[in-house]
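What follows is a pair of complexes built around chain A, which joins chain B in one and chain C in the other.
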Partner chain A sequence: MFPRPLPEEKPLQRGLYVGFVALILILWLLPLFAVMLTASKTADEIMAGQYWTWPKHFNLIENFQAVFAQTNMWGYFINSLIITLPSVLLVLVFSTLTGYVLARYNFKGNALVFALFVGGNFLPAQIMMIPVRDLMVSVGLYDTYLALIIFHVAFQTGFATLFMRNFIAALPDELFQAARAEGASPWQTLRHVVIPLMRPALAALAILTFTFVWNDYFWAIVLTQSDAVKPVTAGLNNLRGEWTSAWNIVAAATLFVAVPPVTMFFLMQKHFIAGLTMGAVKG
Partner chain B sequence: MSELWKRHRNWLAPLLFIAPGALLFGTIIIASSFESVWISFFDWDGVGPKTWAGLANYRELFADPQFYVSLKNNVIWLVMFMAAPPLGLALALLVNQQVAGMRFLKSLFFIPLVLATVTVGVVFGWVYDPNYGLLALIFNLFGATAPALLADEHAVTFAVVVAALWPQIAFCMVLFLAGLNNLSPDIIGAGRVDGARGWNMLWHVVLPQLRQVGFIALAVTVVGALRSFDMIAVMTSGGPFGSSEVLAYQMYEQSIFSYRFGYGAAIATVLFAIMIVFITWYLRMMVRLEKETR
Partner chain C sequence: MSHVRLIDIDKYYGSYHALKSVNLTVDKGEFIVMVGPSGCGKSTTLKSIAGLEAISSGEIWINGRNVTREEPGDRGIAMVFQSYALYPHMTVAENMGFGLKMAKRPQAEIDVAVKRAAEILRITDQLDKRPKELSGGQRQRVAIGRAITRSPEVFLFDEPLSNLDAALRTQMRVELTTLHQQLGSTMIYVTHDQVEAMTMASRIVVFNKGVIEQQGAPLELYHNPVNQFVAGFLGAPRINFVAATLVNLRDGVAEVALEGASTVHVPVADTAGLTNGAKLTLGVRPEALKIGDVPDAALSFDAQVRLVEQLGRETVLYVDAGPLAAIGSESGTHNFTVQLGTAAPYAAGQSIKVSARAADLYLFAPDGKAVNRPKLIAASL
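Now for the complex of A and B:
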């Protein structure tokens, strides 16, 4: 291990170390604490310019209630769910199929197709913005959930294919030889050999794709317009424009937007990190 | 029919498997990117008919001072973002100890990474507020007045990049932590026997083993820098007077706000050309590293 592990028999040294790390952590997350503090204040305190004092009256619950009652955040939140959940599901299905074929079939052009998936997934969104927007307008999907779902599924399939292909390629060859010897069809091999082994990969990919799609802002403002379909990210930015001086409300809404990805992260931390680092680290 | 299927299923089935993902990605991502190049040769308001303009959009672009401001800002993003891998590595080294409670502390360090960029933008909007922000608080402690960073055309890009570095450093930290957990104990042990310590150990024994993770960290950092859009849109809308725009933002603004889709497409094409250079480098490195580890 590097750095050298702190010796077990020196509890003072270990205690000082944890204290030091905690101090760095507080500085690291200071901007976030600032938002939490603001979200706990009353409008009066904000009006009086008291941003950094400890809240006189703890107002977090009331501010959240105001967010739900007086803004459309709840509606945006539901929109985000309607966009994100089907996208994640479809990405998992498509990328399992593409990853399986690219990992296990040696056809001509395999490397090229794989390179296109990998390379395409690095392209900044603005490069494809005009044609995608035009396409959605011309097929009548502009400003619908479906426009965002279709785009997110297409784009995330690039990264997901890279991920799945590497995972399936790392499975032992013997499994596939045995399946072939038994005369299993490609579908049977996929269904009974590959998919049962994919659980960790599917979990990791699900949490990553969820975070990517949930946090998208660019496509939300390019492909939607009306409040009825807008996701939370675009909603939050609108809210900030409309409630310029009510910082306590904006702060509460900001926390609300962050809740799903942060919760998902803490629930599935192991998978999230395994997913991000997969391919980066072998073994 | 079923006879025919059985005879050909070994190539038909994989074709059917790969078709939905490949068609979707091929048309919406790959083909659209190339279509942007085609559109860049036209005058187009996004609604009416396109009229052929030849290279006029490019001629105008290369004479547009805003283009050079955006390009310069792209370079600033790229250069400043290079701080993310070393700082991520430093944080990873800091927390890489097995002490009670460390797992929880570690995961708190990752939070910026899972926040939406819009959230990060809104949060740092607070930090930089010249009257009540965190920065103002710090300046006031020393009896000074905080500068209005986001309103200063010389400082604004730097301020936005610092905000964007927050999640990027967390990303690199996650990658390096995974790399540190995967170090070969034998090589580290051999290094210790040879008397390598501290910096020496890090430089000569640890870093060579982190090459692959370092490569990924560098690649995601370059992509992150070139993709910068959300933070600019949320924190400054490109202002003041376009001084914080990058190519991606200028492209968006020209298309969506000025209805100049042909001109926007020309900017997208320049960005595309830059990305192709990067992607070619990445794919070649990936192939080389894959060969090395086999």
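Now for the complex of A and C:
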């Protein structure tokens, strides 16, 4: 299933391959590069229309200082953490439970319940926008942290259940029979056998969910209004002025917003990759 | 006293009838081996005893208690799986102590039990390793150790040696038999390997298509198979079968005609349902076939050696008897298998005469039932 390595004796193919990879990487990283470039410039330079030139005056530090001094980014950042961390935790807990039951217990309606979890992922956000907003307004949660937490947990648990169910289903059956024969209750089996073996999958899922929730912009603007609860994504939008925008500061703030997911990925990348390839190489 | 009892067990997987009215009584301390071809319901029976599969009807008793509705952990059983089923994230000691830990026993007690089991299995120096650092044989020992730690009433083994190589399998076979003598526990052991069955069992139970065909001591089954299936399943090399037609039945002796050989006289005990012209099957084990003239030979035919297997202490010949064709022979041909207890200088192409005595012949009715054996052997033993 993996591409076979190109042989040494075909330099043309090798050159093409490397060139192509480089091209895609450049295209992929270009926006990020542009943001970094912009964050390093002064406002004057950008106003002068010099978007792609190397910064004449390196202004990164000052721009970051401006983000914290002049904007509410720090507040938005805290809001994002308050929304994202509980969401990720709850998604992990719920999807471990649902995944375990759906993977290991053959009850009537198992397939239907699983299909509902999976099918929910395919609902376009635009269809849900009005009903979810109305629901949150009517239960009095509109424009609160809970509105976003509840929605993200409900929505992400669908995908996460698919993910966890498939990993748990791939564990050998005899492991569960052995645990049962030794008198382990379903809870004990979950705690002492399933969760330790699912650690890489949980790490991968944690990163994915964290990134989804942290980067969400759509629901942030649908379900929140006041600066006191807005997460960073919606907050960034506030930095755009009515007529002009300080793009250098917006770019610096954008880099700041990207820090948590990137840090999280680097911290857990070993587990993440182990988690994504777990099914392929059975231990 | 009966220790494990299966009473009229039926098991359906959906509409598939996997176990058909299975009855089995196991005494305390017995080593029962369940054998049968793949898919005959051995694992299903074992899992039913363990409680890992719910039975469709019937009762299971262990140690005087009806455990039919009990959870596996409450039945007093321990099971060893073919794939070992060790928890990869736990050390050997943690694996072995898992059951006791789940039962919330004090750590000191767990340590003592693990140490004792590890000593019995000589894996004391492996206790801190993880399963993936162990060889196949060591993993198997850990799996057995995990069972011992819980001091169960009954040990259940599901083909525990089939993932090991031949040399290790022989060694573990001996070790398991020794372990059984040492612990004196009741053991129920599933295998499709008839050598394991013959060597380890105090009693063999032969399964076929969800039914117990026969049970008894290994040699009893070997010498007195109740039907053609059991005769064909036990014994390596396999027994030779040949089609026979009943031509005359008189004074407890059946005269049967074989294609391409003279008629054969076989003493029969059970003549129920036998009529002249019935299509029977004659069986003769490879080691019962002799080369050359045998005094009072009941069966003899001329044949040509096709293939010789020299095993050092014994010689196995595959011989072609022309129109006298063996049915379903091991070599996939119509050749007869002859097993000689010595190194014999035969070569392919050689013409020989093959004979067998009447006492070594088996006769099976059209429905596969043995018609001559039980009384005959009882008399000659």
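List of remarks:
The rule we apply is simple: the second predicted complex is superposed on the first by the 235 of 283 C-alpha atoms of A that agree within 3 Å, B and C clash if a C-alpha of one lies under 4 Å from a C-alpha of the other, contacts with A are read in each partner's own complex, and residues count from 1 in each chain.
The rule is short, and it goes like this: a contact is a pair of C-beta atoms (placed from the backbone, for glycine too) under 8 Å apart; a residue touches a chain by one contact, two chains touch by 3 or more.
Quantities reported herein were computed from a predicted structural model and do not represent experimental measurements.
Once the two structures are superposed, chain B and chain C can be ranked by residues of chain A touched, with B on top. Of the two partner chains placed by superposition, only chain C is touched by A:196; chain B is not.
By the document's definition of touching, neither partner reaches A:10: not chain B, not chain C.
Within the superposed three-chain model, A:270 lies out of touch with both chain B and chain C [touch as defined at top].
In the superposition on chain A, A:57 makes contact with neither chain B nor chain C. Residue contacts after overlaying the shared chain place A:182 against chain C, while chain B stays out of touching range. By the touch criterion stated above, A:118 is placed in contact with chain B alone, chain C being left untouched. Using the contact criterion defined above for the overlaid structures, shared-chain residue A:214 touches chain B, although it does not reach chain C.
Chain A residues in contact with chain B (one complex) as well as with chain C (other complex) are 185, 283. Residues of chain A that touch chain C in their complex: 172, 174-175, 177-185, 188, 192-193, 196-197, 283. Chain contact summary for the complex, chain B toward chain A: residues 9-11, 13-14, 17-18, 20-22, 24-33, 35-36, 39, 46, 91, 93-102, 105, 107-112, 114-119, 122-127, 131-132, 134, 137, 166, 171, 174-175, 177-183, 185, 188, 192, 201-202, 205-206, 212-213, 216-217, 223, 226-227, 229-230, 233-234, 247-248, 251-252, 255-256, 261, 264-265, 267-268, 271-272, 275, 278-279, 282-283, 286, 293.
Residue ranges of chain A in contact with chain B, taken from their complex: 1-6, 14, 17-18, 21-22, 24-25, 28-32, 34-35, 38, 49, 51-52, 94-95, 97-98, 100-102, 105, 107, 113, 115-132, 134-135, 150-151, 153-155, 157-158, 161, 185-187, 190, 211, 214-218, 221-222, 233-234, 236-237, 240, 247, 250-251, 254, 257-258, 261-262, 264-266, 269, 272-273, 276-277, 279-283. Across the complex, chain C meets chain A through its residues 47, 50-52, 71-74, 77-79, 81-83, 85, 87-89, 98-99, 101-103, 132, 146, 150.
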